Amino acid sequence: MISYLVTVIILVAIAALVGLALNLQWGLAGLVNFGVAGFVALGAYTLAISAPHVGWLAGLALAAAVCAGLSMLLSLLTIRLEENYLAIVTIGFAEIVRILLLNLGDLTGGALGIADIPRPFAGITPAGWGDAVILAFALGLVVIVFAFSEALVRSPFGRALRAVRDDATAAAALGKPVLALRVRAFAIGGAIMGLAGALHAFFLTYIDPSQFTPIITAYAFMAVIAGGRGSNLGLVLGAGSIMLILEATRFLKDVIPGVDGVQLSALRLGMIGVGIVLLLILRPEGLVSEPKRRFADFFPPESEKA
Amino acid sequence: MNSRPCDPKAEELSLALAVSGLRAGYGRGGDIVCGIDLAQKAESIVAVIGPNGSGKSSFIKTIAGLVPTRAGTVAVSGRDITTLSPARRVASGLAYVPQEANIFATLTIAENLKLATEFLRGRAGVGPEQREKVLDLFPELRLRPRTLAGNLSGGQRQMLAFACALLANPEVLLLDEPSAGLSPKIVGETMEAVVRVREAGVTVLLVEQNVAAALGIADEVVVLVAGRLTLRASAADIRQADLAGLFFGKAA
Amino acid sequence: MALQLFLNGLVTGLLLALPALALTLVFGILRFANFAVGAFLTLGAYAAYTANVLLGLPLPIAAAVAAATVALASLIADALVFERLRTRGSITLLVASMGVSLVVENICRFIFGNAARSFDLAVARPIRWNGLRINHEQLITAGVVVIALVLLHLLITASPLGRAMRAVADNASLAAVRGVERRTIARITFAITGALIGLAGVLAGLDRAIDPLMGWNYQIPIFAAAILGGLGSPIGAVAGALLIGVAEEMSALILPVSFRQIVSFGVILLLLLFRANGLFGAKAIRK
Amino acid sequence: AEIPVGMVLPFSGATGPYGPDMKKAAEMVVRWVNDAGGILGGRPLKLFIEDSETNPTVGVTGTKKLLEVNKVELVGGFWGSPIALAAKPIILAADKVQMVSCSANAVTEGDTKGMVFRFQAKSTSWGPAGAKVMKTIGAKTAVVLAQQNPFVVAMIEPFKAEFAKLGGKVLDVVMYNPDQPSYRSEVEKAFGGDPDAVFCLSLLTDFVSIAKEVYRGGFKSKIVALSIGADAEGKFLQAVGPEVANGIYHLQPAPPLDAPSYKRFVKEMGAAPGTVFLFAGNAHDQMCVTALAMEHAKSSDAKVWAKSVFEVCNPPGEEVDDVVKGLELIRAGKKIKFVGAGATCDLDARGDQINRSFLVQEIKGGKNVSLGIIT
Amino acid sequence: MNPSPFLQVKGLTRRYGGVAALDGVTLDLARGQVTGLIGPNGAGKTTLLNALTGLARPESGTVLLEGENVTGLPAHVMAGKGVVRSFQIVRELASLTVFETLLAAPPAQSGETVAGALFGRRKWWAQERANADLARALLERVGLVKLADQPSAMLSGGQKKLLEMARALLMKPRLILLDEPGAGVSPPLRLEIVRLVRELKAEGLSFGIVEHDMHLVEEVCDHVHVLAQGRALVSGTFAEATADPRVVSAYLGVAA
């Protein structure tokens, strides 16, 4: 049971990383990225291809860097687009990644994927503790990225991003370099997605194109919306809730009598859909709302009297 | 505050707009409109003035049905319309020109004008004649019928919005800052138009920050401060008053 | 070969056109990209399958059943989900529609299982003309799409209902004071688009196998078509669909076919670089 | 106490059509064993099943749940190679047995601790079989039309090599991505050059589309397909009807068609006599072998009974095809050699099945007609 | 007599479809003065401000800022040069609170870069404190203190207008272009605007103000340009300009 929970928590951690990245890109900067799965895949493959040659740490850095670079490129190309257009272009990006991974077999192993990806600290891990190490590693990564994102969200940088999100023209008139801000947000988010992908590769030690379906993107958006757009804390809770729905339905289906395998599966997937919709309807503001700088932060007593 | 005539029945019949005990607010927030009573005789012009954020627009939106009523009633020409949807209120003779976003920016001028009447089934007096009359008031609108309304200048938008409301041949017209953004000449013309509209039998309730212009045409003025009516007086009396005093609470 | 590929592309494009039309219509009026089009397309195909194969009705009647079923299902989804979330921003609605899509797809799976199915209609050999091959299904598809497009275009640009739809899209509360109820318009929109998607499901079922994932396979091309044409523009959706179809098929001349999806996104990216609102999309107005 | 065993099977996603029959077969075996009093002195088997959704990540969480929550000794099933590959390290780390019905060579490669068993023919043996079919039907030129997926990719080179040896010529290899709305350009490209035959390496859903398209296109080339697409236990014919299916050749690893045990299996599965089951037979065999090996090892501990798998599958020993009978013989101290509903179940040291022969059929007038067995 | 021009506009043209919103406008905005831009609806006043602040790209003509050619520079660059504006149709930052809107306005915040945000917290926090004081002072003047933590989207029309002006003032501008600051603002606050403009002018700021309220224009403007149909028609003092018969007939009307 413990080890199953470890698996689930690692998956939550991966989802949380992806969610934190999306929260920066979309929650904060208003840049819709429906290509999340593509960036995660890129991160995973970059790591898997490079790590055997350069070691896991450099591989991790490389994964983040490649994703950041491609994010930057993509955002420069598409920055003028309105959100729904950006959505499809990013979906397209993810599709292109998927097709290239599938068809550039010499580099990526094609449909067969890449197996035996080295894990961090593999040499010094006692037998049976592999997942525990990955768990610690994952949680560490989440804590760092979380702290990093929080610092950004609560800083003037975060506020400037929100201004751009609300009204880019007004933000530009306020002197904010809209393009630069957007590109940065997109690139940082991309880097974090790359890290998430690398973590995924570490965890599974085997990757193939079918692991990086658009459903990853969908879950990331669900986590951000359910958690409260703009709030990192909410997001982690949101990622947890989505995973809870996904895994809890596994147990629910074990106790439903009288239906065959396909119907059980359909029930379970259907329940996931219902769970998501309910989460959206019942938690209108998300679990936690966006942090805001208050007047009272600066002028505590007077303002209350005023 | 307002003098009560002796025969309530006769009064009710001659009242074009009767608001009583009206309360309203947004979402789960507190009341923004805090119990307003206002009775307005047919074919009169009443101007609502008050500080920014005092609830003027909210008041008028509540009458139009866009902000949910929490308590109180609204009647037009003796018919209670409190429970009607905004659309049904228009059909009952209540037209409204919002302060912001008062035209369909993605529709052309011609489409805006068409749409103003096409869903008012059974409203009397709506038709080509009314249309000609209204467009005569705003000849500019005839010039570029296929231009998207969103590309109009601020003042041009106001005119379009005003025209659309008039096309519905309303009994009561609610105007939220119709003069904002208009050139002095057009302000003058708009105000004249309001007077003419009144002469054609329409009752006008008007929110204005351009107090001078409003006073020029209004019969009566009410001052709204923090969601309550603090004063009702004839326009002539207000003209001499100290506005700052009125706005910041020194109610008469 | 090239001409045949071109023709094949048109056929592929025409199949995308109806759901793309539906997507673009919902977007144009209710301002969200409805991710459930794919699943509703599947539902349409199964509804027609039920009528046609299980109940033995002729295919045209089955198509009507499909249109009605999906229209009804759309209305239900609207009442249960979309209406409740309507104030919550287009991406929230998009995500909710993913949830709806999961539910609808799995209702189909629950009832019909995973096996591939087809209508009770003999597949016919092609009509040959100057070395080109065309089939009956393709002609039917073309006819249905053209009629739907013309009707829809007239509806939206020239009818009072269309004006009302656009007015609601633009400013729902102003529309209300012009006598147009947002709620009614939303329902009408869902009913119309539902019917379109239902029909599309029938056409897709004629073309390929009916299975619970069929709609999902169309999803991305549908979105691509609607975006390419400019969200909110019916003509754009059809043009986008045809362009995607033709570009993908013709690319077989120069690229391995397994790379062809890259072509359609290449086209989109290129186009959007120069026209940020697609082929026919209106420029967002705000001053 | 009950002995928990598990399977990861596809019930949704692109391979969803194949899961239900596997489940049915596995449950059937469990029922037989339990009705006969269980194993290891009266302990019943308890079967847990998780959906892979045709997605390796989901397959991994499902596997974890089976291992950790249900404490299974066997994780079997595994229709698809990517899912088996993703789950393999986890199952091995837990020291449990993995049995798969997938064909990618990599599954049994590397250090498997001797605990991974393949109840399926390897991809590399499917290819040459295809080439032999080409020869049989007299095709001199062929085009390969193949879905981009791990087991198919591995079939292509061996096919080419064998076909060349037999004097044929492969004109082109057209790869396509799964999950497309249509396969029109693929068909155009593969059939447009009028090869004698096209080797269609597809799954059920895409093959339905492809077959319809070929028929509608009026192409002349013959079709040689995998039975997982062109038969799928009858689902293909059901989907396209006899007209379109007519004249399609297809091949798959052959079950022991004429053995009474196989006929009984088909009957118990509720299928028409003559139905060729591929994956359901494999699932049946996995379950049987597990029960037999446990009984043989006198232990439900995977580390122990994994070694007994070879003992009950490989000769020498008395041939049995009925699991209940096999259990009795083992209890009686006899040496057995199990023959399954999917295959003879002879294993090499890697855990791969050997000596698998292929059944070739042609669809004629809405029926599968056997053309013979290729070895 | 005129102080040196701060901003010179020469032959600026911008067309929308068939309409020439700007049709060769030539005019100056003087340093340290308040210049009024008046004219009929649709004259091109807003378009002119758009062209000066990088929101509309002129097709021809030049804009010189203290002699430097700044034609067609992007909005944030113009803002960086101290040319800031308010919008006629307000563009609030809907989810930012009133207070945050003002905190976001000051230029050159060290916390607005990634590195600055992460590693220079002490520095930006000090800036933030100083900005907060400025913001508070302005909020008090325009009567929005109580609404400091209200999301901007929930303000009344006039309040949004005031907020927008306040945010422009906080941008440490050198030239501030206001598009109808008085429209929708209550008379007492309009007087407050007059006072503010005068004070800031005394501190050396230059203003360009588009306004239809002639009292306000008369009160604050040193110089007035009248635009009509995309051209500068008349310029001079308020009295001179409003005495011109063309201006009276096209703009003021007989009533005024």
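Just so it is clear, A, B, C, D and E label the chains in written order, and each chain counts residues from 1 on its own.
In this section, contacts are C-beta pairs under 8 Å (C-beta built on N, C-alpha and C of every residue); 3 or more make two chains touch, one makes a residue touch a chain.
Chain by chain, the UniProt names read as follows: A = ABC-type branched-subunit amino acid transport system permease subunit; B, E = ABC transporter ATP-binding protein; C = Branched-chain amino acid ABC transporter permease.
These numbers come from a predicted model, not from an experiment.
Visitor: Tell me, please, which chain's centre (mean of its C-alpha atoms) is farthest from the centre of chain B?
Guide: D
Visitor: What is the chain whose Cα centre is as far as it gets from that of chain C?
Guide: So the farthest one, by centre of C-alpha atoms, is E.
Visitor: More C-beta contacts across B-C or across A-E?
Guide: A-E
Visitor: Taking each chain's centre as its mean C-alpha position, how far apart are chain B and chain D in Å?
Guide: Each chain's C-alpha centroid was found; their separation is 76 Å.
Visitor: In whole angstrom, what separates the CA-based centres of chain A and chain D?
Guide: So the centre of chain A lies 36 Å away from the centre of chain D.
Visitor: Tell me, which residues of chain E touch at least two other chains?
Guide: 46, 88-89, 91
Visitor: Touching at least two other chains at once: which residues of chain D meet that condition?
Guide: Residues 11-12, 16, 19-20, 148, 175, 177 of chain D each touch two or more of the other chains.
Visitor: Please list all residues of chain A that touch 2 or more other chains.
Guide: Within chain A, residues 99, 102-103, 169, 262, 265-266, 269 contact more than one other chain.
Visitor: Give the list of chain C residues in touch with chain A in this complex.
Guide: For this pair, the touching residues of chain C are 27, 33, 80-81, 84-85, 88, 90-92, 94-96, 98-103, 105-107, 109-110, 113-114, 220, 223-224, 227, 231, 256, 258-259, 261-262, 264-265, 268-269, 272-273, 276-278, 284, 286.
Visitor: What part of chain E is in contact with chain A in the complex they form?
Guide: My answer: residues 53-55, 74-76, 79-80, 84-85, 87, 91-97, 99-101, 103-105, 107, 109-114, 116-118, 121, 124, 128-129, 132-133, 136, 145-146, 148-149, 167, 171.
Visitor: Using the touch definition up top, name the residues of chain A that touch chain D in the complex.
Guide: Touch list, chain A to chain D: 1-4, 7-8, 11, 99, 102-103, 105, 110-113, 115-116, 128, 130-131, 200, 204-206, 208, 210-211, 213, 215, 246-247, 250-251, 254, 260-262, 264-266, 268-269.
Visitor: In the complex of these two chains, what residues of chain B are touching chain E?
Guide: 26, 49-53, 56-58, 99-100, 140, 144, 147, 151-156, 158-159, 177, 180-189, 192, 209-211, 243-244, 247-248
Visitor: Please output the residues of chain B touching chain C within their complex, sorted ascending.
Guide: Touch list, chain B to chain C: 64-66, 85-87, 89-91, 95-96, 98, 101-107, 111, 114-116, 118-120, 148, 150-151, 154, 164.
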